[in-house]
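Chain IDs A, B, C and D follow the sequence of writing; residue 1 opens each chain.
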Amino acid sequence: MSTDSKFGEYGGQYVPEALMPAIEELTDAYERYVLDNEDGFMDEFRERMADFGGRPLPLQRADQLSQRYDTEVYLKREDLLHGGAHKLNNALGQVLLAKYMGKERIIAETGAGQHGTATAMAAAHLDMPCEIYMGETDIARQRPNVFRMRTNGAEVNPVTTGRGTLKEAISETMRDWARTVENTHYVIGSVVGPHPFPSMVRDFQALISEEAREQIQEKTSDLPDSVLACAGGGSNTMGMFHNFVEDETVDLYAVEAGGSSLSVDEEEGVAPNSASLSTGEEGVLHGARTKLLQDSDGQIMESHSVSAGLDYAGVGPELAHLVDEGRVEPVNVDDDTALEAFHRLSQDEGIIPALETAHAFGYLEEHHDGLGETVIVNVSGRGDKDLETVIEETGNRDLDNAPDMSIFREIGGGML
Amino acid sequence: MSTDSKFGEYGGQYVPEALMPAIEELTDAYERYVLDNEDGFMDEFRERMADFGGRPLPLQRADQLSQRYDTEVYLKREDLLHGGAHKLNNALGQVLLAKYMGKERIIAETGAGQHGTATAMAAAHLDMPCEIYMGETDIARQRPNVFRMRTNGAEVNPVTTGRGTLKEAISETMRDWARTVENTHYVIGSVVGPHPFPSMVRDFQALISEEAREQIQEKTSDLPDSVLACAGGGSNTMGMFHNFVEDETVDLYAVEAGGSSLSVDEEEGVAPNSASLSTGEEGVLHGARTKLLQDSDGQIMESHSVSAGLDYAGVGPELAHLVDEGRVEPVNVDDDTALEAFHRLSQDEGIIPALETAHAFGYLEEHHDGLGETVIVNVSGRGDKDLETVIEETGNRDLDNAPDMSIFREIGGGML
Amino acid sequence: MSLEAAFADEPAFVPYLAAGDPSYEASIEYVEALARGGADAIELGLPFSEPIAEGTTIQEAIVRALDAGMTPDRYLEFVREVDVDVPLVCMTYYNLIYQYGESDGPRSFVEAAAEAGIEGFVVPDLPAEEAGPLRAACDEFGLDLVFIVAPTTEGDRLETMKEQVSGYVYVQARLGTTGARDEVSDYTERSLARIADWDVPKAVGFGIKTGDHAERIVRAGADGIIVGSALVDIVAEGYENGDSTEVVADRLEAKARELKEGALAGAPVEQ
Amino acid sequence: MSLEAAFADEPAFVPYLAAGDPSYEASIEYVEALARGGADAIELGLPFSEPIAEGTTIQEAIVRALDAGMTPDRYLEFVREVDVDVPLVCMTYYNLIYQYGESDGPRSFVEAAAEAGIEGFVVPDLPAEEAGPLRAACDEFGLDLVFIVAPTTEGDRLETMKEQVSGYVYVQARLGTTGARDEVSDYTERSLARIADWDVPKAVGFGIKTGDHAERIVRAGADGIIVGSALVDIVAEGYENGDSTEVVADRLEAKARELKEGALAGAPVEQ
């Protein structure tokens, strides 16, 4: 293992011995194909992200928000990527890499279903058999995404152990991988897991900031003062930050899910938030040392957020390191603020954001005064997938700007 | 009215007198802003379509289909446009035009909800109040789109007259417009209605073929042999064809919904298809002379298609004219073929198409032998909106390539 | 009696009903009741499946008539059968006129309508600019072609209409589609002023509901009043309550009388 | 007794159970039953919330144990309380070892474990490359650190492990995570050959279910066998059927005896 596998003390390769050869093989492939562009891998990746994915994606000035905040607000439009979120950058990169490595089968875990749908699309596009592990509870909650995966020809394997959510799905996928490493690649869904995943996923996602950095300079002849991105595992975050890390005048804000509260219930092992960067402690989870939501024993806590895609107890090790270094500011907003921001962007800009994304806009609303003159916010995904949740969660709350849906209650149909 | 309002005998302005001034005002605005780029209207339109809409959109080689058919198949990726279909090209163009005209309010009709969602997005983006008329029956069938419109801040007015579907919604919108012409613009949803709508909507949608014609020459150094697009009202169709009309070597195929059968039930006034170009007769509907599905008395028939967006008894007058001229070939495929094509594109290419779009791919499957060496198919929209319909309709049929969804029946949740 | 003659002596009352609403037989009775109540001419709607110019009230009447089996041929039969001695004007949409008979174009239907006893046409979705073929057929068979002047109609368009109109001109009293309103619009006077020099009678419609409205409209200068929704409302109500045809016919006759009397009351006192 | 000594005289039988599954009290009985059945050392799982290296069977055992309140402190209490005279090996994940006590790092837990009576560690998510601090703490307190050699472990990695391993080496007989299988893999012999020159006992695990398996594995050259899932299955079944602790303990003891006897039967005949 080279020192490259670490970000300060974070990162590493804390995996079962059976997976180590796969991890080493992958590290080798990562270095050759991704870092050294062997066989033109990165060229093909970029070309497919253009033709299949729709890149480059716009950096749009948000007219209404700019006026509202008296700040130049620019939106990096990852919601327009094929599949509806930044997830395809990573999924396509990894499936293509698997192909270069001669693998014949793709597996992946998914929680909310966004990474699963992106992987299923990429696998169909590249003609690779694909199986997605998904907890039974999540299957019931995220049916449209399940149907999208199946429609793209992927097998969806319900995971029935434990509580049937993301954690169990990750374990089950690792278990499959440990059995099948020789012909199978595990497409992990964020900048988490053992090295080389955090670096590799970041490099695939870095197209975001590669474009955005050029675009903002074209539009404003300058760098932005601040860059905001929501952070679950942190893949859209690192993708959005990567090319700005060296620009010391640019402030980077990772906006986590504050959930309903930042305090934790040690007794129940439950954190009513997913703010691992803001409130977590160092530990080892899913193959890497990073910041985690854990109890004082080191047991991983159940995290919670109104947004399923941020609902993860860990975070990418590189982000944890950048936070410790003071380069990235970890912040968070609560469920209510995120929901309000969801409605605001939808109504004011005509863009329905993913609930994950809405967190970044919630922070913008609350702290625009301190962000300088020019701000870029990463619109990591679109919110079509979240409509049901938003209607339900909005109904339970008293938000100023929620549209009234009540008349549709009287007109038949299933969704309310 | 200038002769420009006609395409051969088709087109014209068959509207109530109360609307004529609005139509004349619009014609004037169309000529000044759209045709003559007054005040830089078209520049702003193009810029917003780039930054907000995500244009240009890729022309992607479909690797698996190209191999399957031994034909170079290229996909024009309108499914990647903001909102998920080509509809925004038109909606944004018209809402922006309304703004230039000093209108203060937007109304539109919607059936399946695609045009309504695009209009709601455009109106939110441009800060215009917006009301969408939608039949009560359609509201119940297309709830996610209703919620998207509301989320974008649009009012959705349920239309309770008649059968509560698109026809009634159009009538109700015209009624609103007749009352409010002075401050309101009616954003019609396709290349239909009285002049200048068919020409204007075509011009906004023509970005599709403007890009595609350049892109195919870049990629193949040649023009394509055939261009395929599905046709309901015909807006994605005319958008895809427009810049190829003069290229006489390029064959143009408008693929209509053959529904369950091409024969009609005169007694019930029902056509189990929406193939107005292939089987309809000349008549006057919604402001224009065109080809229609009508009974021998001239009453408009109820059309039918598995795809709600093609389910319209009329078609754009320019398309009717191009068909009579022999420039456009009107063809159609039935519901089963469209559903199979839906699954094929999803599984083979990792692109879940709208059911409307799937018709074009159904024709490709059945007739690829006669289409020459290079074919472009317009992917007019994405199919997220159709998943429920597809699952239901697939379940009622015996299709070769439908994925098995039965295991998810056992796992709770509402969608099956 | 020619259409124009219906306006000759006194302010004319021109009611509208959709033929066949809610049934062929009842509708015959209703039209006859209007004549008894004082109608000077009757606009008889031939139901079209897409009545884009109508308000909800008349749209629903059209749906009822279609559901009850009304067709262009049945309509002509209706015209022959209905026993009234005032002129009947066929109000319908262009597609039905255009499609009728073997060859496309309006001539077949105009011929058949003339034979059945129709005196003229109002076609709300046919602007004067597109009316050439229908005007020609009407001329051939001696029928009138009425146009609607909206509050917004101006300039060249007014001229085109003036050249083509005959029988009477339908003055739309306010913006919007048909539908009874409580207020009589200010537009009336202004609208009438714009067409003061036309040599056809001016009938004002849209939103007239009561004898009082009728009186005010005539006082504002109209040669006649056109009333649709207020009458269709009576038909609809009777239909929904299951009232007998006679009862509904009586109500229509009474309403007709109220409106006709209102119109008369508004007439300029002979000097 | 040191861990290595457990393998000294005859093929060793090393069972695994998750401490606290399905309850603290029952689990004590079960571990003691294994000792009575002939265990030479026992791998005692300290349940972690994300057991990524376990198969479904052991994962569910861990969930049961956590739900019943098992924690690192309770675990140490368990170790002190359980009455067996064979060495206990703590099998757990690194985060629990790392977090224990006031300061980060493995030292606090190793010290506490040593005090409670643990003889060594197996940490499936801690590769040899990351094991420096834990190895140092084990040395300080005289504990062994067992590593797992997978069928795919080769080259440099084997060397790194060889340098750090003590007590015994856990030879994974096939690819995959833990879980009882009907077939004994061909990998065993090949895997043993690769580490033939290591000077620690070689215990083979993964998929051993019956005395017959045990016999074949020992015959293939193993110094001992490690059995987890086959025993956890008995605990799970008893739990689901509501069987009494005694009944389940008896079954475990019987199974242990079968496995130990199988291992003995596979032993090379003294020459």
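Some notes on this structure:
Keep in mind that, in the parts below, a contact is a pair of C-beta atoms (placed from the backbone, for glycine too) under 8 Å apart; a residue touches a chain by one contact, two chains touch by 3 or more.
No experiment lies behind these values; they were computed from the predicted model shown.
Connectivity note: excluding chain B, the chains that remain group by touching as A, D | C. Chains that touch both chain A and chain C are the following: B. Chain centres were defined as the mean of their Cα atoms; on that basis the chain farthest from chain A turns out to be C. If you average the Cα atoms of chain A and of chain D, the two centres end up 37 Å apart. Centre-to-centre, using mean CA coordinates, chain C is 95 Å away from chain D.
Rounded to a whole number, the gap between the C-alpha centres of chain A and chain B is 33 angstrom. Within chain D, no positions touching two or more other chains are listed. If each chain is drawn as a node and touching chains are joined, the picture is a simple open line. Each chain pair that touches appears in this list: A-B, A-D, B-C.
The part of chain A that touches chain D in the complex is made up of residues 1, 12-18, 20-22, 24, 161-162, 167, 170-171, 174-175, 178-182, 269, 281-287, 292, 294, 296-300. Remark: chain B residues 50-52, 54, 57-61, 63-64, 77, 79-80, 82, 84, 120-127, 136, 139-141, 143-144, 146-148, 150-153, 156, 158, 343, 346-352, 383-384, 387, 390-391, 403-405, 407-408, 411-416 touch chain A in the complex. Against chain B, in their complex, chain C makes its touches with residues 48-56, 59-60, 63, 66, 71-73, 93-100, 104, 124-127, 129-130, 147-154, 157, 172, 175-177.
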